[in-house]
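First chain A sits with chain B, and in the next complex the same chain sits with chain C.
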Partner chain A sequence: MTSLPTPDPGAKKLGLVIDLDTCVGCHACAVNCKEWNTGGHAAPLPDYDPYGKEPDGVWFNRIHSYEAGCGEASRTVNFPRSCLHCENPQCVTVCPTGASYKRVEDGIVLVDMDKCIGCKLCSWACPYGAREFDELAGVMKKCTLCIDRIYNETLPAEEREPACVATCPSRARHFGDFNDPESKVSKLVAQRGGVELMPELGYKPVNRYLPPRQAQIQTAPRERAAEGGNKLLRLLDKVLSR
Partner chain B sequence: MKPAASVLLLTTLTGFGYGLLAWLALFALLGLLPASRWFMPVGVVVALGFAASGLIASMLHLGRPERAWRAFSQWRSSWLSREGVASLASFPPALGFAALWWGMGPAPVTVIVGLVAGALGLVTVYCTAMIYASLKPIRQWNNKHTAPNYMLLALFSGAMLMALLLACWTGQAGLAGLLVLLAGLLAAAAKLAYWRFIDTQKPLATLASATGLTRYGEVRPLDAPHFTENYVLREMGYQIARKHAARLRRITIATAFLLPSLLALLAGLGLVPALLIILATLLTAMGLFIERWLFFAEATHVATLYYGR
Partner chain C sequence: MSKQETIEYSVPVGDSVAQTTCYMCACRCGIKVHLKDGKLRYIEGNRAHPVNRGVLCAKGSAGIMNVLSPARLRKPLKRVGERGAGEFEEIEWEEALSIITARLAKIRANDPKQFAFFTGRDQSQSLTGYFAQMFGTLNFAAHGGFCTVNMAAAGLYSVGGAFWEFGEPDWEHAKIFLLIGVAEDHDSNPIKLGLGRLKERGAKIVAINPVRTGYGAIADEFVAITPGTDGLFVLALVHCLLEEGAIDTEFLIRHTNAHYLVIDAPGTAEDGLFARDESGAPLCLDRADHQIKPASTLGADPALLGSVTLPDGRAARPAFALLAARYSDAAYAPEAVAARCGVPAATIRRLAAELAEIAFNQPVTLNVPWMDTSGRRHETMQGRPVAIHAMRGISAHSNGFQTCRAIHMLQMLLGAVDTPGSWRYKSPYPKPIPAGPAPGGKAFLENGALAGLPLGFPAGPQDLLVDDNGEALRLDRAFSWEAPLGVHGMMHMSIAEAHKQDRYPIDTLMVYMANVAWNSAMNPGEAMRMLTDKNADGSYRIPFFILADAFFSETVPYADIVLPDTTYLERYDCISLLDRPIGSAHGPADAIRIPVLKPDRDVRPFQDVLIDIAGRLKLPNFTDEDGAPLYASYADYMVRHQRKPGIGPLAGFRGADGQAIGKGEVNGDQLKRYIENGSFWRHHLPDEQLYFKHSNQAYLSTAKAMGLIDKDEPITLHLYCEILQTFRLAAQGHGAHQPPERLRARLEAVMDPLPIWYEPIEATMVNRQEYPLHALTQRPMAMYHSWGSQNAWLRQIMSENRLYMNRETAGALGIADEDWVVVESRNGALTCQARLMEGLNPNSVWTWNAIGKRSGAWTLDQKAPESERGFLLNHLISEYLPADESGHRASNSDPVTGQAAWFDLTVRVRKASAAEAGQTAPHPGTVHAPFAVHNPENLRYGAKMEAAE
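Up next is the complex of A and B:
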């Protein structure tokens, strides 16, 4: 059923927080995602021409780097892009077969690959470019929020989080329930002013991005270093300044 | 957006077929069809032939065509599903229209079944248009021009087929020639209005709002995530058209609308009708194919902002 489920106010709203302040752009999330998911729910994630001149394939994370702002206030921002598990996902409602669906119990957006006819319309309906077509199987694939990890009771409890979150070396990715105000993700969004991507399109993405922190570590200007401490230096500074 | 041959054929051929079906029903209602047992049924077969070819072409672009039957299930939410349901529903009344005409002639029941078939055909064209018009990430489609454009183009191309059938059957284009002229000028005006509209549209979003970095003002791409094209760029990052868009638009207006309308007028006035209408139909088919190619190729997808396109 591709009509959206009636929202259940008590249901979980699972998603990711991605910290653009600490992301170092190492692509580890993309690689570990590929590694897990090529054997997981959406398996396989094919590669085309992997050792040739035009390697290409299905990935659920793409890591961009941008330059933001100009002059002293500018900075480099690494930007991991993946499915945002929107609350108003048009990729679901356009699906003619019922293959694309949003789960009532936790809000995860999934594709039933046994029903998908490969019309690609869902990928056209996604403003975030999150869905990638499997040219070999002829069906659409997308991030599952590692549904086969987060509920996997054969994994130790601390490992029940998406592969991208588990592997991030700078702890820039966090997983949790946005419907619980006490969850780590809700608190991070509140403390750091987490933002929606392209809110003007009305998809109400669940994932939030934490903008780079503006506060810098304050250091005393170096040319006034002689004012402190050493008496000899101060005397020299006085004499030479005449 | 990538202009795949399958969707170009789907949208143009169903326009021709269902446009013709609608005109056949209207002509039957107004008693304008030749008093022949065969003309109308042949017309319906031609109309359904065009529509069916378009629908089959669209199935060819599916990754799993053998599952196409599943697309009839989600009509509550999906315009693609509605298109499938409406097209399937148009076939029984259309065939009934032809059979009743053959058996009973232009009796009231024939005309009623014909009008139902014609209406379902136009509903199919509307559903096709709404597949595109409902996609929020593509500003060139998600606007008030898309659906009326599709309807007018279907009625114009259908009128052209109607004139073709009449000219070949009776040796005269007559009223249908005038109809082509009228529909052609209307369709051309709608298309020009559409182009003027998309040329003045503002982009849907900026790279800054797409990345949540609005605080910094300008955001520029630095390193791409991958160095070859991926699915998103191949499907949605199509850039070839923009270079030749202005010239292709002029070619479209001339070959799809103006020349055929002029030829149809001359044919209507009795100047070698069959020959001129055949020429006009071929020009229209070519022109509408270019027009549809532009509709896809000129459409930009907001996701390509992430790649600085």
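Up next is the complex of A and C:
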């Protein structure tokens, strides 16, 4: 079993805010993530039977679009799913080799692929389905929060964010430090009532989802349209008296 | 706890980076392509690029897998077996080009129109169209005729701009946004960026669409309208606004022809035309002195209502008076249209009230002084923050042109055209109406070229391309009485008409980048049959078919010669102001593509090939007086070709010093300057030119100086479309240019100068009891407008499609989720699986388009889900309508523009029997690639790079 690091009060708590009010379900984040990471720290992200009967592969980010509710009350939800970098990640504590670990300095949950024996206990432990097994290499892989982007000094400062955030066309994804109350992510969560997924499990996910909103326009109570021959009266008034 | 691993954070992305333009769909986003050891490492959005500002969609990010696709063609091919059998031999380029040149030279010498050239999602139409013009054939078009010509034509003939390519919502200031008939498409990243910005600002988004997916899913309100009734819905909104007097009369008088006097003399040749003075200037009635005077008279107070007697004794009424009378009629009341539209009357009334509230009680004022074309200085820019975007759901119906006109009318009545917060022109638009010269096709120059480009803008019946009997000169019948404003041509009719041969035979059909035997055919089964059909003597009915494409598509097996194209990262290209530019409301812009990779196979960029062929054919303006080719390549042409003095394919960095914009002499360093600038150029308009471009003197003068427009005069918006009325008068028997008898009644009805709504034509010709459901398609965002969903990553997102049905509708038919169903139309039947959903108009079914593939095509496994469980709705559609009483079968298209009416389809659905289930049908036989297929069992892309470190 692998133990979690002792929380350091000064450490960062890095993660994502995903805005369900804005996500259109376009899969841009998923594919750009795939593209970056297949040549990045966890390279490669393999594809099985890519031109065949059952194309499948490793993705650190998957999008689910589904409907909730019935009839008038129904709505369509686009839900991007990736590792939530939990504060209390059971995927780490179940790991028999220490391959799965939570970083002290920023809370990112990673897999040391050299230590991974491919037992998949972590994927059974993760209720969010965030673990991705590389069947060809026999090791578990997962979202690294683009650790090779966010600390990459060869990138301009403004590009040091996860690929999914950089590419999101509707700007529904945000990255930052949840331990900094002044960070964009902390403020968004405070302002918009960001929620954690399945808090009852006690894994304390770091990532937050912003719930959908509904903009409304208030109009002055209007008089019932004039009936019969006077229909054009208001228009005539308006047009003639301009 | 064990020690944390050591992570190397600062690994350079690659060893080189190139900036170019994406071509995974039609958006033309700027991309940065990182290479490592000569291989693609990463493609990302260019943060400095005006189109996408750094973001990139799923398609763009999957570009690597398109470039590596095993379906890429490798070498020119010559057919050796029967058409459709897919038997080819590989030939050298020289042989392919010699065969083509010999054939085309003969055609050009005898009858150039026997060469038909249709291009698909072609972003080089200013070259391909010019080639056709110089060749001397009028039979040219790109894919607009089956895509969005209704939107382009209605916009250009109403407001001098159009949704999508020639206009955009003011994302920064709009307070209410109507998204009509758009769920996932047109366009991709700019809309998503805009929606995100609207959300951030708290604006209200209303999705009016039969289907709630994609953008509709995040809308604040979803209006599940019945397909084909959007026009009626919009006219009901207009009815409500008229009732309320919520009309921007000031805007109408200043910017539109609302006050022009329309002659009221039924039965005469000038009925419905504008009353004009001797100089031809339209007239108005000045309320101040009750005098009739030119409508543009400064200081006049024109009447919008009432009636007047002209000096010649005829009666006339302001155009607005006709409009007000028509739409205030009870027939347009929400209560009268609610059932037909599937939208409650109260919803229509509330939405109209919201539009009025935002437009008139919550205007946006920018403290930016500007000068209008009448010399009036305005201290501020005041706008109506009602923005609209409309596209496919409007476009793909046979009433789409008039429906789109109705939407533009709504914008004009609200004063919401190019004002802060409203829909805005993308420079180089607005353009005057009509937006350009008439189509070429009747007149030839001495050198054999057409006097004008094949696609143009008719200003009346005199500009149609018809013979003395009023019958179409073009193969596809665009610009004939069957599609007078067919400004993008009618590619969907090309194969059918070439096969029919009822006017003249076609010798050679050349198609570029269009899958005309599959998802780009309205009826793939018929397209395949017609391409293989033979005459009694054993010759093919369509004698010669040349296909240029980068991939082994379903169409390849039907070609006689296949010209293998490169992928988008292996070529030069130009996104030109002469064609379909990437300008925005902030200023004109254009872009180039540059080769980032060297092709690893014997392929050539199609544009290079076309210029080569033009040289071999010694076409004018592609060769000098001695017949020597003028251009070595497309890149060379992009720099040195001049359409008019100083105006070429690229508008930026012109002139010897590279400082001229728009107009300027050729600059040999132009491509270098583009590359240094990220492969794009844009001109930032100053704040005073950002709005009211149609009457903004500074903007119009700038646009003229840059060569974007010919005159810097105000552009009057056509609330009342007099050009349509000229066609209508012809239909009534007036004038020298007369339509065939069979079309008179239809033309008189549809060429109405004020927007009308009519039933989608197909629905009036089939038994709706028999086919009660509307059937629609849309492409998923991850594949919209993309070329090659064989992509290894994208097909993991979607590789099979379902027929989506409203849960209640399906329940009544005894259909459950995942049941196999049979879908039948007047044209055929298909078998597929159903999926039930809530967010869907109950009278409609729909599916994802172009997911279904023919077995073996794109080198996918013969049993790939795309062919086992994917399907094309196209099999149920026909490019022709049912026969009328005389036996004539008209095109299944909008009667104004010739736009393919894909969305007019009506079907019935039943549960499939056990024997019918298991595989989608129709399931045409497997096709085999004309090369050895090496599909990897697994991909570990990126792994080598890691090892190489």
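Everything below uses one rule, namely that the second predicted complex is superposed on the first by the 208 of 242 C-alpha atoms of A that agree within 3 Å, B and C clash if a C-alpha of one lies under 4 Å from a C-alpha of the other, contacts with A are read in each partner's own complex, and residues count from 1 in each chain.
Criterion: a residue touches a chain if its C-beta (ideal position, glycine included) is under 8 Å from a C-beta of that chain, and two chains touch if they have at least 3 such contacts.
None of these values were measured; they are calculated from a predicted model.
J.: Of the two partners chain B and chain C, indicate the one touching more residues belonging to chain A.
T.: Residues of chain A touched, chain B against chain C: more for C.
J.: For A:22 in the superposed arrangement: first (chain B), second (chain C), both or neither?
T.: second
J.: Given the touch rule stated above, what does A:167 touch, chain B (first), chain C (second), both, or neither?
T.: second
J.: Go through the superposed model and pick first if A:188 touches only chain B, second if only chain C, both, or neither.
T.: After superposing on A, A:188 lies clear of both chain B and chain C.
J.: Once the structures are superposed on A, label A:239 by its partner contacts, choosing first (chain B), second (chain C), both or neither.
T.: second
J.: With the two structures laid over each other on chain A, which partner does A:39 touch: chain B (first), chain C (second), both, or neither?
T.: In the superposition, A:39 contacts chain C only.
J.: Check whether A:70 is in contact with chain B, with chain C, with both or with neither, and answer first, second, both or neither.
T.: After superposing on A, A:70 lies in contact with both chain B and chain C.
J.: Applying the touch criterion given at the start, work out whether A:98 contacts chain B, chain C, both or neither, answering first, second, both or neither.
T.: Touch partners of A:98: chain B and chain C.
J.: Between chain B (first) and chain C (second), which does A:59 come into contact with in this model arrangement: first, second, both, or neither?
T.: Both: A:59 reaches chain B and chain C.
J.: Tell me the contact category for A:50 with respect to chain B and chain C: first, second, both or neither.
T.: Only chain C; A:50 stays clear of chain B.
J.: Do chain B and chain C land on any of the same chain A residues, and which?
T.: Residues 2-4, 25, 30, 54-57, 59, 65, 67, 69-70, 74-77, 98, 115, 212, 214, which sit in both footprints.
J.: Quick one: which bits of chain B touch chain A in the complex? Just the residue numbers, please.
T.: 1, 61-65, 67-68, 70-74, 76-81, 84, 131, 134-138, 204-205, 207-213, 215-226, 228-232, 235-236, 301-304, 306-307
J.: Touching chain B in the complex: which residues of chain A?
T.: So the residues of chain A touching chain B come out as 1-4, 20, 25, 30, 54-59, 62-70, 73-77, 79, 81, 90, 92-99, 115-121, 123-129, 132-135, 137-140, 195-203, 209, 211-212, 214.
J.: List the residues on chain A that touch chain C in their complex, please.
T.: Touch list, chain A to chain C: 2-5, 19, 21-28, 30-32, 34-41, 43-57, 59, 65, 67, 69-71, 74-78, 98, 101, 103-104, 110, 112, 114-115, 136, 147-148, 151-155, 158-159, 163, 166-172, 212-220, 222, 225-226, 231-232, 234-240, 242.
J.: State the interface residues of chain C toward chain A in the complex, per the touch definition above.
T.: For chain C paired with chain A, touching residues are 1-2, 4-5, 7-13, 36, 41-45, 47, 52, 54-62, 64, 70, 175-176, 184, 188-189, 192-193, 195-197, 199-200, 202-205, 212-218, 220, 240, 242-247, 249-250, 304-305, 320, 324, 328, 349-350, 353-354, 356-358, 361, 781-782, 790, 792-797, 799, 807, 837-839, 859-861, 863-865, 868, 935-943, 945-946.
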